[in-house]
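Going in written order, the chains are labelled A, B, C and D, and every chain counts its residues from 1.
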Amino acid sequence: MIKILLFNGSPRSYGLTYTLLNFALKGVSSVGAESKLFNLYDLELRPCLGCLSDNQNSCRYPCVIDDDMQKIYNEILSSNGIIVATPIYWFAPSGTVKNFIDRLTVFENMIFISGRSLVEGKVAGVIAVGNDGGAVQTISAIVSALISMGFTVPPFGFCYHTRDEEPSENTLRDAFNVGRNVALLAKVLDKNESSWYDVKTVEELSAIKEEVNMLCKLNKEGALPKRKVLINKLTPKDNLVLASIEKSKDENKYK
Amino acid sequence: MIKILLFNGSPRSYGLTYTLLNFALKGVSSVGAESKLFNLYDLELRPCLGCLSDNQNSCRYPCVIDDDMQKIYNEILSSNGIIVATPIYWFAPSGTVKNFIDRLTVFENMIFISGRSLVEGKVAGVIAVGNDGGAVQTISAIVSALISMGFTVPPFGFCYHTRDEEPSENTLRDAFNVGRNVALLAKVLDKNESSWYDVKTVEELSAIKEEVNMLCKLNKEGALPKRKVLINKLTPKDNLVLASIEKSKDENKYK
Amino acid sequence: MIKILLFNGSPRSYGLTYTLLNFALKGVSSVGAESKLFNLYDLELRPCLGCLSDNQNSCRYPCVIDDDMQKIYNEILSSNGIIVATPIYWFAPSGTVKNFIDRLTVFENMIFISGRSLVEGKVAGVIAVGNDGGAVQTISAIVSALISMGFTVPPFGFCYHTRDEEPSENTLRDAFNVGRNVALLAKVLDKNESSWYDVKTVEELSAIKEEVNMLCKLNKEGALPKRKVLINKLTPKDNLVLASIEKSKDENKYK
Amino acid sequence: MIKILLFNGSPRSYGLTYTLLNFALKGVSSVGAESKLFNLYDLELRPCLGCLSDNQNSCRYPCVIDDDMQKIYNEILSSNGIIVATPIYWFAPSGTVKNFIDRLTVFENMIFISGRSLVEGKVAGVIAVGNDGGAVQTISAIVSALISMGFTVPPFGFCYHTRDEEPSENTLRDAFNVGRNVALLAKVLDKNESSWYDVKTVEELSAIKEEVNMLCKLNKEGALPKRKVLINKLTPKDNLVLASIEKSKDENKYK
């Protein structure tokens, strides 16, 4: 059965962050998936020690820090996706949510150890709630981190509320659909057996490289005169520019 | 057949943005999907006129501006996904790429006119290239916009290069996989028939709301004493704080 | 004497984050200002409890949490500026740095209690270090938070390094100048006696509002025909658009 | 006399972007500075051609593109600061505003040609207006670009409005103060004669480098045993980690 984990990053398990997260939970259930909600503030969750910067291999699942993330790691491994709900503190996730994200590095860094991110192909959604601005900046930062770890994000995979008032019906609908879509995409992907990273060999890459370089070379030869004419027509006042572009013709940075 | 469109947002159809985009194209082909590459700088692409702000209904497909986007709109409608490659200008997409994104509003705004975003369920990938920083900020901004329009982003659905030198083999692999994963996810989703937005009725929302509010009420009753004790223990020096939290007990913003 | 505080947000007080922060420290000293460096990981620094969301007045200096921030609060109050150096964890500040920023809310929120942010007019600089991307996204998020608290940021007030190699001389220069410029601007501002927020009365605001609204009204009357002609010329195919814009003429959202 | 330029990036010179920009203009006047407002949509403003990527020296003031930016360049050079107001299109500046920012590169890139950014020490403020989210992400991106060009941003140097309703009095005050603070800081800086970039010689940098490296070495020797004990205590399960950190002792990336 599809299982989606929901993480509440607010210290208040009764505020709007928690409320919208529960709407997402209803969305998860609505398509027949299982859900489980965790309050991050209830966990002992220590900050990342940056072992990675000492040695790339020292950051691996399970993390060297023996706190409640150990339990969470196992839950995530056996899940199909996660939904992270964060209060917006200074236009960004709360420090607690950021610690949580930082601690997921042990999954992603396995790429360098066993060749595959342990969260590859899982699905993610994000909810951000505040009473001022910064929702999208908060979400963008989380979303790009999660995609870079190997998560995938469904259509309308995030929602936010940034007013000092009751969320509108549209916002409640959006939150419901974050949960629904994370679960729906997880269902669709459950049958997918492809790996999400094709490790082309150096030879395969070289062949593509040669072909692409040839194309760039041709395009450059075609484009430079036009670029020069354009520049010349616009402003003949600075011949240095033309000279310098001419010069660069033989200095293609990417050969 | 799966069709993925690739958009080059660089004025130079021979530089590294274009190069990485072509690696993505090879990735698209590698899983048997069709591809088509457009140079945005070759198109007449006028800036969005913000009709939406005059009247929500005035922004609709096709856009009132009669330029080359009309052709692109049709291409996108008949495609399964897009890959946007942008040079990094001041830690953000180039103005030309931004104009392109702004002009996609006519698809998304159909939600308010016909109830459904015209790009809902299509797949998107992003590539950003510069010789300094700002790649992730550039990508985050594009990714969150596209997800909000209804696109979905696959695992490892973006890549970047920000050095004044030849991209590493890892970067070339990443670019290849952006294309491959966009096409792969498009394939998986091609058979999906669900709509990606469940428009719950006001009654359904109200039922969920009642249930969630009850949960919040219980949690709040449980949490407040602990929150007060915690605060009291930490610092008895400011009784105003306790008083004000006490007071807020009956002022739950979300009722 | 001008005093600038430097905060190391890396768990490693010997890595590149720490190194660049020390170059900034030299920049501070170079213009005759005093400096003091703190390793955030050496402090007990608990996460923000979000009291603010229970009641706006409950978040005030000093914070209800009795940890090492109490000491830091006093240091900041008696300083002229701060420099925050963070490792880049997932394209964002480390959780520890984020906790530090969250905990500064007690200074800013005094606006609602005593009418003035306690860090208003102090100067800030930012340093971000990683071996991959995300530096600018990290910095942008910190910079906008600090400006919103009342800090000011000098020219070239941030720097970054995102490569798995020794920083270039330019990067070292940049780090030095972050420190130098924070101290220089602090010096210039030290003599400034203006408050940085002019609380216009409702009457004053109303007068401006009336004047600006009149200007908007005139501009709208001038612009609408042109906007309509433009739209009409471009595409007569959708008369609904014209009609809807016409209609909106009398529905200026801002009256 | 202090002169501040205001740029309206909205196609509608009567909407809320324009309205808030005019409140900023009143703030500029309130401290006795001169102001001048430009509607970017009224200008011919072509996209950046990325000459820089062909050759670093080919991007210089004045730009090779002979459009209305030529006039704007001169205005900016003779001003003390700028305020950029943008509508929020897809959580980011409008394409037109982005083109404007991209075209400022000719000022900053003079660092590589004549050793100094032509906008160094000028002051900047930002206003973003929409009816949904994305204001802070929009502002953060502009602010970090401008600081990186050499602008400085005053306390409370930006403001935003993201609701489909009349701005509150607080928002109007904020907009007024963006203008006021940009002008105030420009006044304070007008007497400043320091350059904002100290080009330390290679020798000076080397001396600092040696000193900082020594400090890092000592700190590393002090920290590693503690880091190892900590890790050991937490989890003895993975001796590889300890071994790998031990190994890294002699592999300090920054020597």
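FYI, contacts are C-beta pairs under 8 Å (C-beta built on N, C-alpha and C of every residue); 3 or more make two chains touch, one makes a residue touch a chain.
Note that the structure is a prediction, hence the values are computed from the model and not measured.
Q: Looking at chain pairs C-D and A-C, which one is connected by more C-beta pairs in contact?
A: If we tally the C-beta pairs in contact for C-D and A-C, the bigger total goes to C-D.
Q: Need the CA-centroid distance for the pair chain C / chain D, whole Å please.
A: A distance of 11 Å separates the two centres.
Q: Go ahead and note the Å separation of the Cα centroids belonging to chain A and chain C.
A: 24
Q: So which stretches of chain A touch two or more other chains?
A: Correct list: 12, 15, 49, 54, 91, 136-137, 140-141, 144, 148.
Q: Based on which chains are in contact, what kind of graph results: line, ring, star, complete or other?
A: complete
Q: In their shared complex, at which residues does chain B touch chain D?
A: It comes out as residues 10-12, 15, 41, 47-50, 53-54, 87, 89-96, 98-102, 105, 131, 137, 141, 144-145, 148.
Q: Across the complex, what residues on chain A touch chain B?
A: Touching chain B from chain A are residues 12-16, 18-19, 22-23, 26-27, 30, 117, 120-121, 136, 139-141, 143-144, 147-148, 150-158, 164-167, 169, 172-173, 176-177, 180-181, 184-185, 188-189, 192, 194, 196-200, 202, 205, 208-209, 212-213, 215-217, 219-220, 223, 252-255.
Q: For chain C, which residues count as touching chain B in their complex?
A: 49, 51, 54-55, 57-58, 60, 62, 64-66, 91, 133-137, 140, 160, 162-163, 227, 230-231, 234-235, 237-238, 240-241, 244-245, 247-248
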